[in-house]
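For reference, the structure I am asking about is given below.
Labels for the chains are A, B, C, D, E and F, by order of writing; each one numbers its residues from 1.
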């Protein structure tokens, strides 16, 4: 666990990073929330009670709360992010004026067909419940569901199928326009968590400072990088890393990105070969002790904004 | 009046076209709805009880229900469209995942400062009420409001300030993404009328048939053209003209536009120098007898789709 | 029938005036809506399927849609208003910031105890359905309901128990603050019909023009007078009469009331001994042919505002 | 801090009292909520990123979450209350049947024009985040915002412009009728916090015990006094003091106020020269250790109700 | 057309009966609403743009607004009901306390796989639009859609899969408990139309008059019979017939059914071999002139209630 | 206290069991929530400020938050359950398609008439507030309320009047169909707590495994037994006991119940003479230390599912 909000049985979010070199021998299920897997390195083969899913980097999978599963690593090594959503189940955002299609399209979400194994051997089950882990051993594999119906099922999605929208005139829209899945709260407009994907796209805005502008805001932004370089960071943000900007912490593009944006021309430019993701929430994400103690913590994180020169040349009042 | 829906005191819409060569001598007000002016030729100087507005083509103005006004023609000639909205007052659409900014931005809507005239002379007032016109004569000008407060005020907007969003990856979004103003109903997602503006923008979609696709839908689409050429019509749709596609009437780009879209490359292309508008509603718009009797009616309107060749080359089932 | 809006089976309103000198011999029920009785002269004894109600001027009764009843006149003569509500059933308005008590209090609404008659004699029933009257004859009285439960029941209310709120500082509030009962629509804030009562109260506003100000608005205001004089009309509005100000028709206090309000002092004043009611709706109320042909129609109604002098003495701009 | 509720990043409230004799040298911002300032003694000059506000007793100011500001004391001394709102931003309450105007009117809220300072000198910033204070030092003043647009801006309001409504017939309405600003929750009717102002007004209720009646209720009522005497307390509640009645704690007017209300006549009476405020919430407000240790705590607070005689003289059942 | 309500482009319902002995040669589509087919005699083979459906009596099919289709009669003869829904699309009702399963289960609704025909021959299309029929001829079959995605698709449902719930203790529930599909309005609890199915089930209520009780209500009930005998009618209601009870028209079981219910024991009884359906709406359904002129109209319909004896034996008051 | 959820002043639930042999001498009130009493043994006489209630096993009573009361034991001994509801007040569930009647009917809830005692003697009051108990002593009984109006009153309900609905065709519905009272949250469909009653009823489902099926789900199910045997447990669940199945803990009928359900016929069967209740919530209920230390805790609770044989006989894939 890297960071988490205040959490109840019906609200909150926890962000995890994983790195593994070995298949899970046992079965896991999470009574505390659904799990969104975002692999950055190595495929995951996920056998669940309701069927089998395989995902690779640039894909995601969601395992519902309480569903039992087991993960194997076809590539022998795996790294990535997991978002544990304690609130309302992820769903597609209402599109508003975007209309009938756009962003993540429903037809691209894939649910497994039923599959089962009939194994009469000792099988350990670990369940997460109220933030703790509980284990027991059965005399058979619980992945023995022969058939199922309903809609509380695991699913996968290929992020490269995301229909990215953006400005085709001027200005830099809010990153909410990249929302793949959202966990709403009972307050319209305030999500428990939004999962956002920043992928290949054209940048064509005219009369505009194109990178994400400098801002403080009410959201807590936890970003990960799947591959390539994020367009607001020319260094220091590696694939597999994470950044966290808490509520009202000011941030923006680093100095090189800023200067490039100020001086380069504004012809159409294709951003290709990179993919960043963001877990964004109005609930404050507190880093864990484990995260704060990591040798890879960047204590001088804010130095990327050093030497940003003053560009204000005076104004007559 | 060109076309109108079934109308009650609290719902419905009527679309008008105007052409004038002379200032209004008298005062007008409309108890049946608010009036959205969309000039296509010639400026309008609108003196209202709450102040003065001047709009030119590529701008719009909205006069609230019941507000008295008088229009003069600084250019001596004027042509354009008027949308009479009998339903809920126009407002900005909720942006949904577009976020905090985008489309028409609130700061670009301009409301007049108070202004009045003190004219003790005979002044005729014409009021539209329940679809009829009623006239009376006062002994002074009613445009004598010295000061006002509140928010039921006329306003103007420059359509070239519209922050057009669109696809920056693939696919052709719904035209609802161009919504400037909407008159909602009590059913979420069903507008009494949406006012849509299709203006300068970049087209960058890849792997995509870029013009508005061939479709039948539940909306009634009444389009006007302010200037230039609409990208789904290479001929036959002149500035100042209107087209009407009723609910479930199939339509799409004309043959030349279709063929160009199929054979041209998909490099970024700037669409510039044209502006089309659309009045879109789920209520069926019935043409008036006046409109159906016009010598400029296009009885062979659907011939633009003649000779669209079959492109299907067989499929193995 | 005096005036009515466009009406469907689930929306709309019709306003009636009655004058009678004789008991109803037969039974009536209204499938088109519920009936709000507002007597101005003479008591009404209403025998319904669910019990007996008696109301006098300054009281009201509501008979639900479809409930059969019969009215007798204990005073031999009766005059008053009936509001036929085709929309959602009347209910108490949500009080908003007024809080837990105020306006009409639930405990003051009285519902009859069960009562029946066992009369094996020919009884005519007249039912109003889709705007027409239909009659049949039974061989017994249908007021034979021995017991009942549920909440679709007739009720009465004494308007003098209305807890009138108002300004205790300055300004003249909207008459909606006098709402007794409301029939809401599916659009929050837009009522199908509000029933408003303007009764005894203290006027204490300082720095204020105290009568209802001059205005045009989106509502259609149909007023009746139960007794006394309405404080915006010093003449011409008699108990038993009605006034109708349609949507966007300008109106305000008559000349004597205006001048008194401008020149009298602003010490606390008790308004006592008068009671006016208003049926207020956003739907346009069209007078019936019967009403327009009445010899008591006031064709010079607007003359009460003649000779309202100009009080504007110039302003420097 | 005097008292606070259970608090999350999106809900809760904390009440503070301040007393200062010296300008803030540094800059402050609060990531935990917006700040409502209610001065009781001495003016506050608040320089914010978005402009300058000055408020005096009987006025209030609201600084949004995350906005940086600095306070100076033109009068050399200042005392007052601060409500830190961790929930939804303060807004005007929906008026319900009060209608289009009343209570605090939108036009009386004032937002500053843009202002900046260009000071290249060491400036300390203190930010409150998750209940703690964090400091850093910049090499320039952050109050350097040259221009801004949007609606997340500081504002001020003069409480004497509050349009107080109340009973003009009988009964004592709920204090919610004095709501100036409300922070709603996702449950209609349940506020995170209501800010209530009890100011000059006429009392004219007849047949009524006029002071706030004896009650236990679901709200937690935290009151302050700006000036004068509160009409339910003839002693012991000084300007600058606070009282707290927790959920279901019984309370009412003190003995002298009770007796005066029972024996005085009910002629119109102008309450003038006093102003009390209330922070009212359904969340329990727990006093801080600091508050409980104050030498000014009133341990015999409930003695004001001692010797309230029994007035019940028996009833026949 | 048998009966219809007031209808707009977004609201209302029309009920049709059909009898046919011949395949449709042409293509039909309905711009005025979706079509719910309820065959009572003979199968229907429905070829649509999106695939092929075949339904038999005891099954239903829904064709969305604007979808083109062609019907063939595999049994050479067909009779049944069609509900033309002008309002919101049919959907499953919210189940409320029924919970996660029950009534019509989503998994039992079947949507066709894509299918097309490539026929280059003259094909007539008839479209219903604004209550009229419009025809044109194409040079090919429009049922040429090779593939599709989305959710505006035809579907079928087998009514014998309906999970009928009811009382297992006492009392006779509202027929709304048999709702298969509902077309909601913007007023919660008020449907534009409910489609109700009364099929095989156990009757076990104790201390209860088991048939539908005598009532007048706000709904308009239009019933059809697929097979067998309806339990409130021992005669006169034949399969293929329809009954219509308008708003506030009193009705109940016929005399024989009433007497049986009063005198038979209350042991569990399986109702099997009959299926009735109901189209129930709060909008008044007006019979067409065609229906009123039918020789099969039952002018003495109400005679089934003649001779219902009085069972009241007096009560002491 | 046996188990409780995370609790705030406006949300959460605590479940208590009581056993008493002596009348309460003092007065109690609970500021933390309303109290639902479910006696299992012995009557309770509850004297409240608003009147007197007496309940016996198979009845329930609800005392609102903050109401003072005193309980006496007419039978000398009493045992039962108390649900302390910290959230929204219990109300009847919306019935959805069940319609106008069913489940608990409003007319069966009984509220006391006013009653008071005038006792001028020392009386101790204990109040629960923020999870603690606070005591004071008055010189008179506070049960001295002579009359009252409003709707925040105690009430009782006889569970044998519950109109149990269920399947009359096939399948086993969700226990939510037995909901007596619900405390909703601001998220539709998610209750703070549902109180469910499983009483006498007919079981007639065909083609069905009739007992509650084996499941894991998002709810926390806390059951009690009033009398008889629960149909999913043939042993080990005694009247007065409680069971708790936490979120996502798998459970179902015990082995004997399972086997009987698989092998017995499916003729109609009357379940009579037993009554179970359930407190069901989406918030995790944590057992208290007291409960976990009870000598009556069943550590081998899950052994009832031992030896459930495998019934799967293979499937061809």
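A few comments on the model shown:
Everything that follows uses one rule, which is that a residue touches a chain if its C-beta (ideal position, glycine included) is under 8 Å from a C-beta of that chain, and two chains touch if they have at least 3 such contacts.
Here the structure is a predicted model, which means the values were calculated and not measured.
Ranked by separation of Cα centres from chain B, the top chain is F. Shared residue numbers account for under half of those found at the interface formed by chain C and chain E, and the copies are therefore classed as meeting with different residues. When every chain is reduced to the mean of its CA atoms, the largest separation from chain A belongs to C. Spacing of chain E relative to chain F, judged by their CA centroids, is 40 angstrom.
Put simply, the C-alpha centre of chain A and that of chain E have 47 angstrom between them.
Per-chain Cα centroids separate chain A from chain C by 59 Å. Touching two or more other chains at once are residues 186 of chain C.
On the chain B side of its complex with chain A, the touching residues are 93-103, 162-171, 173-177, 179, 199-204, 268.
Listed in rising order, the residues of chain F touching chain D in the complex are 8-10, 29, 31, 65-66, 88, 118, 127, 129-130, 144, 146, 186. In the complex of the two chains, the chain E residues touching chain C come out as 5-6, 185-187, 190, 216-218, 246-249, 282-284, 286, 312, 315.
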